[in-house]
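Please read through the structure below; I'll follow up with questions.
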Amino acid sequence: MNPRTVCAAVMCGMLVGLLGLAITMRPEAVITLPERVAAELSRSGVSHPVTAVLLNFRSLDTLLEIGVLLLAVVVAYALRETQADPADRMGLDNRLLHAVIAWLFPLMLLVAGYLLWAGATRPGGAFQAGALLAAAGVLLRLAGIRPSDFAHTLGARAVLVFGLAVFLAVGLGAMAVGGHFLEYPPAWASPFIFGVELALMLSIGFALFSLFELAPPHPVSNKGARERSET
Amino acid sequence: MLWLDALLAVTLLITAVLALASPSLFRAVVLFIVFGLLMALVWVRLEAPDIALAEAAIGAGLTGVLLLDTLGYLHGQRDVADEEEGAG
Amino acid sequence: MSTEALVPWLLVVPLTAAILTLLVPERMRAPVSWIACVPMLAGAVLITVLRTGATIYSFSGWEAPLGISFTVDGLAGGMILLTAIVSAVCAVHARTSLRDEASANAWFWPLLWFMWTALNGVWMSADLFNLYVCLELLGLAAVGLVALRGTPEALSAALRYLLAALLGSLFYLLGLALIYGSYGALAFTTLSGVLEAVPTVYVALALMAAGLALKTALFPLHSWLPSAHGGALTPVSALLSALVVKASLYVLIRIWLHLTPASGSLAGAATVLGLLGAGAVLWGSWMAWRQEKLKYLVAYSTVAQIGYLFLFFPLVTSGEARASGLAYDGFVLMLISHALAKSAMFLSAGNLIFAVGGEKVSDLAGINRIRQTSMVSFGIAGVGIMGLPPSGGFTAKWLYLQSALITGQWVWIAVLLAGSVLSAMYIFRVFHHAYLDGPPQATFRTPSIWLESSAMFLALSSVLIGLSAWAPLEWMRLPIFKGSH
Amino acid sequence: MSNALLFAWTGAALCGLGLFGFIVHKHLMRRLLAFNIMGSGCFLMLVGLAQDGRGPDPIPQALVLTGIVVAVASTALALVIFRRWFRLSGKVRLPEDA
């Protein structure tokens, strides 16, 4: 047994032991927040409680979380420029794949739109829709289709910050009409939340896609390519 | 239904162990994606469909793609078999 | 004008600046950032001057526990001002020092603004989960800033830092899960005084403390810090050592002050934290003395100084009101003077490295013959780090000593004295090399006035804060420690 | 035992497994896998404990959604830095683990 394994086993045992102790010995829970959420739901502008928590009651968390996502993309940009990349990977040039994508791509956009719209009343919302958009982008990318150097344009950066900017603008708009930051007037809550979600979906989707796109490209993994990279 | 959940929990744990212990990194990543999909099932059982959707799309899907892409990058650059020895 | 209206702007302005710096052309990013520093400084000064009592601000108009509330009390206000001053001066330094690093120069600015947003969030947030998001934003921004240099050393340091930060966050999140599972709330105002002295609460607090200690690089969890702080670009090193490591410690202090169960003793936990702090002081100073590279010496000095900050825990739990008050004052002053002195020291070290063209302490040979301003600012900052009068570091240690004397905790007095001697050793080692004979004067470069004056400004502030310590202490005193003076 | 509590226990076990893997492994990608598994364990505990003996609770569910996005951002950031590190150094581990 090397010391590292022993150390890991001890730490793991301690953690599980402590968690077990905490779960078995925990006091009678007093959780009333779900009732509070249910009571205020009608004033939140959406009827799905999770969306209400994410985009109204605790919207500041969501705002900062978009910042976290954006930050990861910024670092990817920064490192990409520090070191120049080799030639781009070619992608899987496959006719069947192209045919499948021709069908799948619009379908994915459609489902993303549905998820966004559904988020107000039932499961779904900007994150899931954004992830689907990103997946659609990755699919295109795998098929060798790429938006020509779009990543390095002002437009790309504008799409990235769009969600955060709209979120901030809506928050400030709420302040302009006399509320707190991000305090939607109940009558306007629905359209505000939908607008924010739409912007977030675009930015989240593009950010997740960029994290894939901005990673250093590698040559196609075949023998020839490997030899090229060795030299 | 509790026995079904217990079965799911056990499968989840076994997948996690396999993903962490697999000698092949590629197999570990694939098992991790399976783990993510099982997590999505768990979220459905916990009446959290929002998380289930996000877990399947982001947790398993995108993280999996990023991991696989990185794996391809490692192998595309050079043979890392010798590096992997002893890391398992 | 009430301070309440200022609170959201302390997040909105840096986030807007982050967006703008991403959109404008690269050469405009520094000027835009400079302009944005002005409202940040103004807001920080206003909130310090105008605040009376604790200001509570509910985001989205939903009060805690349903929504997220920020609390700006004396401690938070002081940290906002400190952040604004140090970050603005580092921005001045970065404008010149990053000019030769094309990519770093372009992307430093948005990362700086995300970091600033996260710091302000950490100082003000009174919600456990919101603090988690703020800490993640801060951690990823800091990791990005370390990686910015792009060298293999910087990248591996960034990865090690990232792994430590992520693990720390997970421990924090586990504690949070246990607390929500038992008490159904995340807001400090709701949880304060509610937590009972039961195993679950202690496990939750211990997990959070462990995670935060890892993020603060408390000995023996400090191994990620020296390469991250020592290997980063100079203004980044200054920001990380002065502000970023303090954020997780600050959250720990908040939890300690607001969430620990009223019944039940904390003396055991406080002693453990104090002993680890003592270990940090001794080990960090010793390692600093042994470093070859100048910036690594300064980074290990941070490990040691974090140890002093952790002595707060045993001193504040002594049960004697006057001793607790003194310990709090000493802690606050130590925090401020270390932030100012250490950022000054890193900026000076960066300038010295630029001047002599080598990273090692021994490369400094001969620099003193040509009266380098950077050597002077390094020395003034060193006075604060060693805790010699009239610096803030001296007054802080003096307050700690008094607190320890009242309750007769001789161990910590010994640690304070030993730490001072050790820090004098590693700082005089730098001076020793500077006085040695070296290459002819012609091989030295002269750093620009911007670089030298920004380091000097922070160094002088670290002394000034010692001469006028009553002012920040008066502003930053919390109600629970009032009346003890 | 409710199924929520069962999954909370599962989460605790996953945290332990993840921590073990995180410490024992040296390959950075394996450490990231372990981090993600530990993260999933944390999320399970958060929701499981809150929902034990009660119905679905939207607050921890929303927190976990936020947590998942933060986790994927962290993982992606780690992979980006890792790839650069690998390209410059040819190594898949941190220098002190080599």
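Letters A, B, C and D mark the chains as written, and numbering starts fresh at 1 in each.
Convention: a residue touches a chain if its C-beta (ideal position, glycine included) is under 8 Å from a C-beta of that chain, and two chains touch if they have at least 3 such contacts.
These numbers were taken from a predicted model, which means no experiment stands behind them.
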Interface with the most contact pairs, given as the two chains involved: A-C
Whole-Å gap separating subunit A and subunit D, where each centre is the average of the chain's CA atoms: 17
Distance between chain centroids, defined by C-alpha means - subunit B, subunit D (Å): 11
CA centroid of subunit A to CA centroid of subunit B, Å: 19
Centre-to-centre distance between subunit C and subunit B (centres being mean Cα positions), rounded to whole Å: 37
Residues of subunit D engaged with two or more neighbouring chains: 8-9, 13, 15, 17, 20, 45, 48-50, 52, 55-56, 59, 61, 63, 65-66, 68-70, 72-74, 76-77, 79, 81-84, 87-88
Residue numbers of subunit B (touch at least two other chains): 50, 54, 58, 62, 66, 70, 73, 77-78
Of all residues in subunit A, the ones touching two or more other chains: 19, 23, 26, 29, 31, 33, 37, 50, 58, 61, 65, 68, 71-72, 75, 79, 82-83, 127, 208, 211, 215-216
Inter-chain touch pairs (all): A-B, A-C, A-D, B-D, C-D
For the subunit B and subunit A complex, residues of the former touching the latter: 49-50, 52-54, 57-58, 61-62, 65-66, 69-70, 72-73, 75-79
In the complex with subunit C, residue positions of subunit D that touch it: 8, 15, 22, 28, 31, 35, 38-39, 42, 45-46, 48-50, 52, 59-60, 63, 66-67, 70, 73-74, 77-78, 81-82, 84-85, 88-89, 94-95
Interfacial residue positions of subunit D with respect to subunit A in the complex: 5, 8-9, 12-13, 15-17, 19-20, 23-24, 45, 49-50, 52-59, 61-63, 65-66, 68-70, 72-74, 76-77, 79-81, 83-84, 87-88
Subunit B-facing residues of subunit D, complex: 1, 3-4, 6-7, 9-10, 13-14, 17-18, 20-21, 25-27, 29-30, 32-34, 36-37, 40, 43-44, 47-48, 51, 55-56, 61, 64-65, 68-69, 71-72, 75-76, 79, 82-83, 86-87, 90-93
Parts of subunit B lying in touch with subunit D, wherever the complex brings them together: 1-2, 5-6, 9, 12-13, 16-17, 19-20, 25, 28-29, 32, 35-36, 39, 42-43, 45-48, 50-51, 54-55, 58-59, 62-63, 66-67, 70-71, 73-74, 77-78, 80, 83-84, 86-88
